[in-house]
Structure formats: structure tokens, C-alpha cells
Amino acid sequence: MKNSSYTDSPTRPFEISKDASIAAVLEKMKGISFQGRSLARALDIWCHALQDDCTVLFGLAGAMVPAGMRKIIVYLVENRLIDCIVTTGANIFHDCHETLGFHHFIGATDVGDEALHELKIDRIYDTFAKDEEFDETDKYVAEFAAELDERPYTTREFLYLLGERMSDLPEQGILKAASKAGVPIYCPAIADSSIGIALAACMKPEDKKVTFDLVTELSEMARIALKSASTAVILVGGGTPKNYLQQLQVTAGIMEPDIELEGHRYAVQFTTDSPQWGGLSGCTFKEGKSWGKISHKAQSVHCFCDATIALPIVVSALADRADELQRKSVPRFDLGSEFGIHRMG
Amino acid sequence: MKNSSYTDSPTRPFEISKDASIAAVLEKMKGISFQGRSLARALDIWCHALQDDCTVLFGLAGAMVPAGMRKIIVYLVENRLIDCIVTTGANIFHDCHETLGFHHFIGATDVGDEALHELKIDRIYDTFAKDEEFDETDKYVAEFAAELDERPYTTREFLYLLGERMSDLPEQGILKAASKAGVPIYCPAIADSSIGIALAACMKPEDKKVTFDLVTELSEMARIALKSASTAVILVGGGTPKNYLQQLQVTAGIMEPDIELEGHRYAVQFTTDSPQWGGLSGCTFKEGKSWGKISHKAQSVHCFCDATIALPIVVSALADRADELQRKSVPRFDLGSEFGIHRMG
Amino acid sequence: MKNSSYTDSPTRPFEISKDASIAAVLEKMKGISFQGRSLARALDIWCHALQDDCTVLFGLAGAMVPAGMRKIIVYLVENRLIDCIVTTGANIFHDCHETLGFHHFIGATDVGDEALHELKIDRIYDTFAKDEEFDETDKYVAEFAAELDERPYTTREFLYLLGERMSDLPEQGILKAASKAGVPIYCPAIADSSIGIALAACMKPEDKKVTFDLVTELSEMARIALKSASTAVILVGGGTPKNYLQQLQVTAGIMEPDIELEGHRYAVQFTTDSPQWGGLSGCTFKEGKSWGKISHKAQSVHCFCDATIALPIVVSALADRADELQRKSVPRFDLGSEFGIHRMG
Amino acid sequence: MKNSSYTDSPTRPFEISKDASIAAVLEKMKGISFQGRSLARALDIWCHALQDDCTVLFGLAGAMVPAGMRKIIVYLVENRLIDCIVTTGANIFHDCHETLGFHHFIGATDVGDEALHELKIDRIYDTFAKDEEFDETDKYVAEFAAELDERPYTTREFLYLLGERMSDLPEQGILKAASKAGVPIYCPAIADSSIGIALAACMKPEDKKVTFDLVTELSEMARIALKSASTAVILVGGGTPKNYLQQLQVTAGIMEPDIELEGHRYAVQFTTDSPQWGGLSGCTFKEGKSWGKISHKAQSVHCFCDATIALPIVVSALADRADELQRKSVPRFDLGSEFGIHRMG
């Protein structure tokens, strides 16, 4: 911000109007302050990334599928508003669960958890699930894994095959949509979830053991950065997805020391964490610049807002603005055991 | 929540659709989880209060006017979606400032504050103001106060008269709209703001001194509770407005021990604070029930969200639903030096 | 921080040793990071202020007396580790309550608040109080107020007299200790508390009405800044105490435009709020510099920690370091209806 | 809490005394409220777990080694105040870094991150590190990994061997101490860290590729729960360590459906997250009861406090109380490629 421009732009107090579209509401929020302005800016940066020749990397942490965000992610995948996903194992498992036709349930927080345990109901804040239905999904995952070859898989490959396997199911899901659209999904902490539980506890003694090739997949991700004209990160929460999507820049830099990497050129985080605790989940993109994870000239914003508010609003606005968001090109990935990347207009 | 109904209602994952109205988006958010669901519930409870024979009390803390919320509050007042306001002195002062034609400015957080000080620019997070324009507003308030009689005023009366005085200005503001609509505004910590600074530092030596009758106005507020069939609190932030709007129930109970008071029947808070710190700003309505501040059968929700996101969204949705929100009756107040309340259909 | 010194000081990982004093533990915490380092720095800055020729202003928000902090504040007053207090009405009321011999009780959060209401037990997070004992304290305050003259009082004067009145009670309290030690207490939002309830609801019809001279007391506070060689603020929480203690610098600047005021030279806040919400409670001292509230050369720290952890630890360490903290001078105040300030070695 | 006991225990306002030990200060904090009481309770529960015939599982998330916590964890391991660790890759890498003789540095937050990048200094909130020294640690890890056999390793085995390899270095570290003391360390998201970067980017083309057997190690952890008379979790932050340490109870339950597992009997979390966001990092132990992760009769507390404050204080107090904490027995683990558990008095 230049000195001369400190008081050039008055705030534009938000004016209520009937029947405004979501996109119009967010447009008006650019003229206000605090996190309202950040939310509007998050949408803008996402749009700028889509209009640039950019690979859009999406991080998804938190219990977002039980929270009702599955179809929003599906929308992002099917409309190629994102190109690659890094997520936690829980979101993968809960996506399978809903794609298999099971449900999460509208619950409450002020309930007796011991009584829930007796009834075999698991609570996720204000949302419930049936433990016995989780067992069914566990079994489905274990049966799928039992048919794999005896070799290490990247989680990207494992999840692509799992998505493919569900392709005939009537319900749409994130894995299914991603397999079909060619959007790779990485899950660096896959064993730290019910996917891990299924593999550790639900397979038959005679089944082959699944192992993961976590190292190869980090190289893969680094190659995505190396082969992209520019990259964007859209982060829902922090956790392993945020760290992983930032460290791939560092990894790429070590792999190819002769290439001048600039870091992510667009960076958005929807977060409820704060920087003062020193953790990576809450750290600023400004801090990321010292590491080379974020470009010095990046457009970036942290929007301090629960993603269950931010995602429905911002993605609805993206849908409103769909016509103007004709991407010039999208990256295409080969998702078999051999991974490849090329870009198509 | 009854045992039998724990798993009756599956979550309804949010479906993106183009050109959805805000009201439609919030309707869909009732089927999701976490704070997204809370936001939708906040709208619902506010609507229920309006459809009941209820007095709607509005608490406003935080730098909401610099943040661009002035016209939203004006809308709430003019359309009688709220009946009474308790706020901080800062919001009063900044409302005068904008009504006088001055502006707040779109700023940034990552700036040199020492340089701003040299330039006489005051920063409020990502928003700027010109110190010399604040001086003008100080003077306006001091000149207004110099013409008052030499007697203690309630802040309600003081602010009513200040709003009246601005009635000919071209810009609309909260005080102006409230004076015209007969919506009382209370400001229990009025001296803790630039209003206080104006009265303490900008009046001439020969001016009479302004004193405030804080005790009478608490009785007045308690009488609002006593004379209302039911009450609702819509709280933006915590601070003195939240405490004040809750303690009036306790005050009323002591004033009229023979009347069975139930506490507020509807309660909504948009908050970024949390209960675990033990403070009143972050405390739960559940805790308020132990004090009798909140009805045992209250509909209530805390929506953990920055108000600069929640207010534009929720009030836009209220506007969308305006036609169905025909209030049966609204309370009418006499706002002169004698305070009176009656209800009109 | 100079470029050349970026990597001059390695962190000193904390070494556990048996029977370390609190002061020694905090000394070791200066070598670590994040809020542990901030806590150690808060102690250091407080000590520096005491060793300078400085007036130490103390802000106290939150339900700190019910939380068991009363005797810590008494210690600070009696040992003149603070010179002036700004607090909320609730802390005043709860201090009277405990000084009168009543108690707060160790409770829990996971209880039925409706059952508590039936039993007339009020809950403050994990702490309980008996409603009927609160009624006794209400009466005590009302009876005290009934004997005042019919003229506006500053809250400083009102609280000085209330402290004096309790001087014969066996239990020590903040008001009592402050009256005796000549430490002024200001309460700009006094009516927003049970003190307000007592004055509004518990006085007899024939009693004179108490009014407050909030404007004069802001001038008084500004004069404290004007007459001090330098000032420090030690803030427990935010709320009205934080805003009030910062705005007195602005007020003083307008009252005496020819005096070059530098803002507070030492500034510590123990807080659980964050800057990103834009409110004053969570705003940074850096932001305060743009307003002239905080000196450009201030030593300052925000320690993000619940005060019920920070105060016992930091004040215990202050006690350990008492011998080295011989203040050169302390300000003396005349606390009668005429307010005066002078400094004594 | 029984009705009859609601007001049995008055709070005991904290009394300052000179030269109190840390243990004495925490003992006094049991009589206060809010997070001060939680901190005291965290110490108590940890002590109760140690005095019971219990396996103490320790979760470590956040940049705790750069923050100066390494030697505290070493102390816990060497004195067997914990029996097993689950942590993030970053803490492992930074522990290696400091054990190799490199340092983290006392930095600041208000610096130019672009300038830091030019100087090859990486920032972690208020702490710095030299990028070129990180490269050295990367190489050390890569060289270690190059010597492993060509088979999948559990992270527990990998980290045991890495700790052993550093045994001759002069500086003590967490991995070294754990290898020597027989305390297993698990790292379910190992590739999501500089350990992953080292393995992906710093190994020579001719080196064998490291793969991880994440599934076997989850079974191992579940067996720890199955073979323990009771278990405790002490959680520093949330993230993968918290989820992993809770899901092992679910895993064990599925592996051995005929054994009645009760969940963790003692549970402590030091956290800066909150439940209202719905994520696992901030979820309550009460919620964990619905899943069977936490015993219905568990002693548990969430202490909302930055770990860089809580750990130095609480572990210093544990050291003060060392004499009374003679554990009856500790679990012994075989940490080679074959994992075994037995308990020794």
C-alpha cells in the first residue's frame, strides 16, 4: 500500500437489497472491512487463479463431509474449479460412506455421549453417525484393498482405484468424481483415519498387506509444481493438507535447484486457527514467503471463518460467476501407476 | 433431543445452484453442520421472534460502523426488524462521523503504524480514518452537548436528541433513523469512547457539564422487559451490550418480585469469543439460564462467525423473506425525558 | 530487529530442574518461543516499568474475582506494583461480595442450568454463586449509596468511599486495599453490572438517586497521563478497561495540544482475543501506535493466555523478584471529591 | 457433580507468596477457576495416571522443538513419565536438527519475510532457522535412509533406528533418548514434513526407495491398548497425534470384538483450538465417549493454553513431585522389526 493511497478508497457501507444474488452480495462485501472483506477477497483471488494459466491445488481438512460439504467438492471437481486435492483420511472415508448410500445425521451438542455410546451412535460435534454403518464402509474399503496387487501404492493411485470401483454406485461422491475428471487426490496421513482402521483391523488374515509409497507421491506433487506455469492453493483448514501443499514447493526447489521457483502465486485459506500459537495450521502466508513456499508477488488472503459458512457462500458465488470463468487451460494428469502431467487448452 | 430421534434426520449435503437467492442459500444451510447450520438457525430464530408478539433487543459491540455495517443497522431500524439498541460509544461516534459526511477508508493490516501516526491516520485493523476529521466530529458532539440543559440525562435521551439534531443532514445514519423510528438506543459505557473524549476535552470552559443518569436508564430497560409479552436478544459480539441486555432480566426480577419473568425467549449471538475463558462476552445462553436471563424454553443459538460476514448475509436473507415477516405488533416508545412504552398492532 | 542479528541468539530449549522458583522458570522461558516467551517478556516489561519513573495503570476485565484473582489484585495494590485500576462493574461487585464474607464456589460446566436456576445457583463457567447471597451484597451497595449526597459522583470517588466503608470488615478486598493505599479505581461502565442492578432495583423510593460524572473522571484520567513522566498499561483482558486506558492518551492530547505526549511507554496485555476480528479488545499495540496511544519506542507484548494462568504465575514471579524492584517513586493521589496527583520518592 | 454438593467447596482465591515452588503454585491453582484450574487439574490427572498401572501415551503436535520443548520431552522420556509418543514429522526433523548440533534462533514476527527469504532464513512465527543448515539435516536423514534394507518399515522402526544412529552424538534429543529408553515413537504422517522432503528429494538415484508400513503400525498401537491394564493420553495440541491416539481404541475394538475395551481412562489435552469448529483437533473428550475412545469413567481435562506455557510449568511441577510418583510398573517394548510388549514392575 502506497502512502499516497492510504485514504483514497472510502469503505462502502453494505447496502441491503432484496433478492441480491450471492455473487452480488460478495461484490458488495469488497467495500467493507474485517473478515467480510476477506471473504470477498478469497472469491476474487480464486477467480484470478482460474483466469490465469494456473494449477489450482485444493487442501481439505476438518470433518467436511459429515458437515455436508461433499457435493460442494464434487461441484468443484466436475467444473474443474480445482485441479488436485490433498485431504485427510477422514474426509475420504466419510465420502465413501455417503457414496455407498449411508448418511450422517443432524444431531446436537448438548446430549449424553454415554447414552450415544450405548446406542452405537458416534458424534461429530452437532452431527451423528451410526457405528454399524461405519462398519459396513470399513468392510467395503477392506474388500477393495484385498484385491490390490502386492506392491506399494501411492495414496493417489489407491484413491483413484477406489473412486473407479465406486463408479457404478447411484450416489455421486468426491472420489468418484475425481477419478472420472482426472483430478488426483493425495492423502499423506491416510492411515490416521477409518481408512487406516479398515486396513489394519478389517482385512482377512490371508489378505495381502497394503503398503504406501509416500515418498514417490511427494515427488509427484513436486513435479506438479515444476510443470505448472503457476500454482494456487485454496486451503480449507490447516493440518496435513496445508503443510503438504506448501512443502511441495520446498521439495521441488531441492529436486531441481537450477529452476527458479517462485512459490504459489495465489493463496487462500479459510481458517479458524490463529498465527499466535506458532503452528503451521494457523501460520500466515507472509511467513510462508520466508520459506519460498509463497511467491513474493502472491495474491493471498486468510479468511478467518468456519468453512461450513465460507464454502457454501463462496462456491455459490463461483457458480454465479461461472460464465466469466472460462479457463484458458487445465492440467491433465495420467492417474495410473505411472503418473504424468500435461496441460490442455 | 429425544433418543428415538437421534438418527431421524440425515444431513442434506449442500447443493450448489446458480443464481440462488441468499434466503435460499441459508435455507439449504439448515441441512448441514457446524457454524453453517448455526448461521441458518440464527436467521430462523430471528424470524420466529418477529412472528411472535415479541420485543426485539439488539446488542451491537465491535467497530461495526467503521467496518461498513451502518446501513445494515439503519435497514433493521427502518424496517423495524429490531426495536431497541444497546451499543458501545464507538459505534455511536462513528455513526455520527459517517452521517456528517466523513468516511472510513479501505486500508490494510501490514502497514507501518508509526508512519500512519505521522500522517495522522488512525488504524482500525484493515480500515483507516483521518484524525483531523475525527476532530470535526468531536466538535460537533461537543457543540450539541453544550446546548443541553443542566440536568442528568439518560444516554437514551441524549442519543435521541443527538439523532434528532442530525435529521436535516443528507446522509442517513443509525442515530437519525432510530430517532425517527422511535427506536431507543442505550449506551451504558458512553464515556468509554470518542463521545466521552468530546465531552471531556472539546467543550469550552464556560459550557455546562454533561452528567448521565445511568441508574434510571437501567430501570427503563427493565421496564421494557416487564411490559413485553416476550423478548428476544440479537447480539452482535459481546461486551457491555451483551451483559446489559442480559442483566435487565435480573433487574426486572428484583424490581417486581411478584411477576414471574421467564427470561429472553429468543436469543442469537454472532460471536468470535469462546466460553472457555469464563467471560460474559463468550458465555453460553445455557449458562444464562441458571441466572434466569434466558428462558428455559428459549430458542437460542451462538453462531461463531465474524459479524462482518454474518450480518450482510443474514440481513440480506431477512430482506428476501420480508413479505412473510409481517409483524403482528411492534412496541412504541415515548423517547422524551419521560419514557413510556406501549404496543401497537 | 537488525538484519545482522537475525541468527545471533539461538533458542535455549527449556531445561527441567527440580524445585526451581517461579522467577527462575520464567527466566528460562525467555529462551523459548511462542506464548511461553511472551509470558516471560510480560514479566520483564512490567519490571522495567516499575524500575522506571512510571505510573502503572492496570486494566481488569473478565470475571476475575469469581475466578479467584481477588487476593492477587490486593497484593498488587498493597505492594504498589500498580498505581491505578480501571475495571468492570462485575469485578467491583464480586469483590464486595467476597469482602462481605460471601463465597464463590468450585463448580463445573457440564451441569443442568435449569436445575441450577431452580436451586437459585448462578453459574459463571465452572464457578457457582448463591443468588440469595448476591441479594445481600446488592442490599449492602444500595444502603451505602443511599447515604451519599445528592450530587454527581465520579466512579473513582464512589468506589473510594465504598472501599472506605468496608474498612472494618475482617476480609481484605480490592476496594478496601485501594482506598487505604490511595490507588484510584475507575469503572466507566459501572451501571452495566450488579452494582447497577443494586442502584436501579434495590434502593427505596425515598432514596436519592445516584448519578455519575463520567466526563469529569475521563479528564481526571487524562491528567494522570499529563502529570506522569511515563505511563505503563498492564491489561488483563480487553473490554472497557483496555479502551479507556488507551483513549486517555488521546483525551490528554486534545486537552493539552501544546504538550508532546508520547503514548504509553510500557504495554502488556494478557488476552484470549485475536486481532483479526477488528475489535478493540483484540487489537495490537502496533495499531495503537497509529493513534498515538502507544509510544513509538514502547516495550510491549501481547501474551495470548487466559489470565487465570498468567496472573498467578507472573505475579508470583514478581513477588520472587520483589527485592530488586525497589521503585524510585510512586504517584500519590488525593481521592476525595477534589482529585490531585503528586509523585513521592 | 451431585446436587447436594454444588456449593460445598468455596473457591480459594490465589494467595501470592514468595519463593513458592511450581508444584505449590499449581496446588493453589486447584482452588481457582477457568483455565488456571484446568492447568492444575491436568497435572493431577497426569500424576494419577502415573500412580495407576497405566500406559501413558503422549501426542505431540505443533512446532514444539523449534519452540524450545525438546529437552522437556527428553526429560519425560528419560524419567518414564510417558511410555509412547505419536508426533508429527516436523518435530522429528527439528529434533534431529538440534541433536546434530544445529540451532533454532530467537526471532520476531514483525519482520520482512521477503528479506528473510533473500537471506535464506526460514521463519516459524517468532523463531528463525538457517535454510542451509536444514539442508545438512536433510542430507543426514537421506544418508541414514539409504542404508536401510529394501522392505517396508513402520515409522516406529524407522525412528528407532534413526535414534540409534545418533546415539554417539554429544547432544541429547528425543529420538536418541526414546531409542535408549525403549519408548516407541510413531509418526503416521511422516512424509508430510522435512523427513518426507529428505526422502523424496535428497536421495541419490541409485538409492533404494523407502516405503512405510502404516497399516502394521496401527495394529501395533492397537495392541498396546489391548495389552495395557489401562491407558492415558497426554495430548500437546491436536492434529494427527490426537486422532491417531484416539482411533487406536476403535481399531482395537474391531480387532478383538470379544474383549470389552473401556477407552482411555485418563485424558489431558493442552490446546488452543475450540470445539465449535467441529474438527477433531478441538473436539471434546466428552464427544470421544460416544465413540468409545474415552472411558465413561475417565478423568479428563482440556486445558486451553499454549503448550509453550503449559509444558514448562506442568513438567517442572512433575519434577517437583517426582518422589511421590514412583510408578508401580512401566510397559517394556521390543522395538526391533518384531514388536513386542510386556510390563515390568
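Letters A, B, C and D mark the chains in the order given here, with residues in each chain numbered from 1 onward.
One rule holds in what follows: a residue touches a chain if its C-beta (ideal position, glycine included) is under 8 Å from a C-beta of that chain, and two chains touch if they have at least 3 such contacts.
All of these numbers come straight from a predicted model, not from anything done at the bench.
**Student:** Taking each chain's centre as the mean of its C-alpha atoms, give the chain farthest from chain C.
**Tutor:** A
**Student:** Quick check: more C-beta contact pairs at A-D or at B-D?
**Tutor:** A-D
**Student:** Averaging over Cα atoms per chain, report the distance between chain B and chain D in Å.
**Tutor:** Those two chain centres are 45 Å apart.
**Student:** Find the geometric centre of each of chain A and chain B from their Cα atoms only, then give the gap between the two centres in Å, rounded to an integer.
**Tutor:** The computed centroid separation for chain A versus chain B comes out at 37 Å.
**Student:** What is the distance, in whole Å, between the centres of chain A and chain D, each centre taken as the mean of its C-alpha atoms?
**Tutor:** Result: the chain centres lie 27 Å from each other.
**Student:** Give me the residues of chain A that touch two or more other chains.
**Tutor:** Answer for chain A, listing residues that touch two or more other chains: 33-35, 63, 66-67, 116, 121, 124-127, 272, 274, 276-278, 286, 304, 306, 308.
**Student:** Contact residues on chain C for chain D in the complex?
**Tutor:** Touch list, chain C to chain D: 1, 3, 6-22, 25, 28-29, 31-37, 39, 63, 66-72, 75, 98, 103-108, 110-111, 115-116, 119, 121, 124-128, 130, 286, 304-306, 308-309, 311-313, 315-316, 319-320, 322.
**Student:** Which of the residues in chain C end up touching chain B in this complex?
**Tutor:** Counting only chain C, the residues touching chain B are 61-63, 66-67, 90, 109, 113-114, 116-117, 121-127, 131, 135, 138, 152, 188-194, 196-197, 199-202, 209-219, 222, 237, 239-240, 243-244, 247, 250-251, 254-255, 272-281, 283, 286-292, 296, 306, 308.
**Student:** Which positions of chain D touch chain B when the two form their complex?
**Tutor:** Within the complex, chain D touches chain B at residues 33-35, 274, 276-278, 302, 304.
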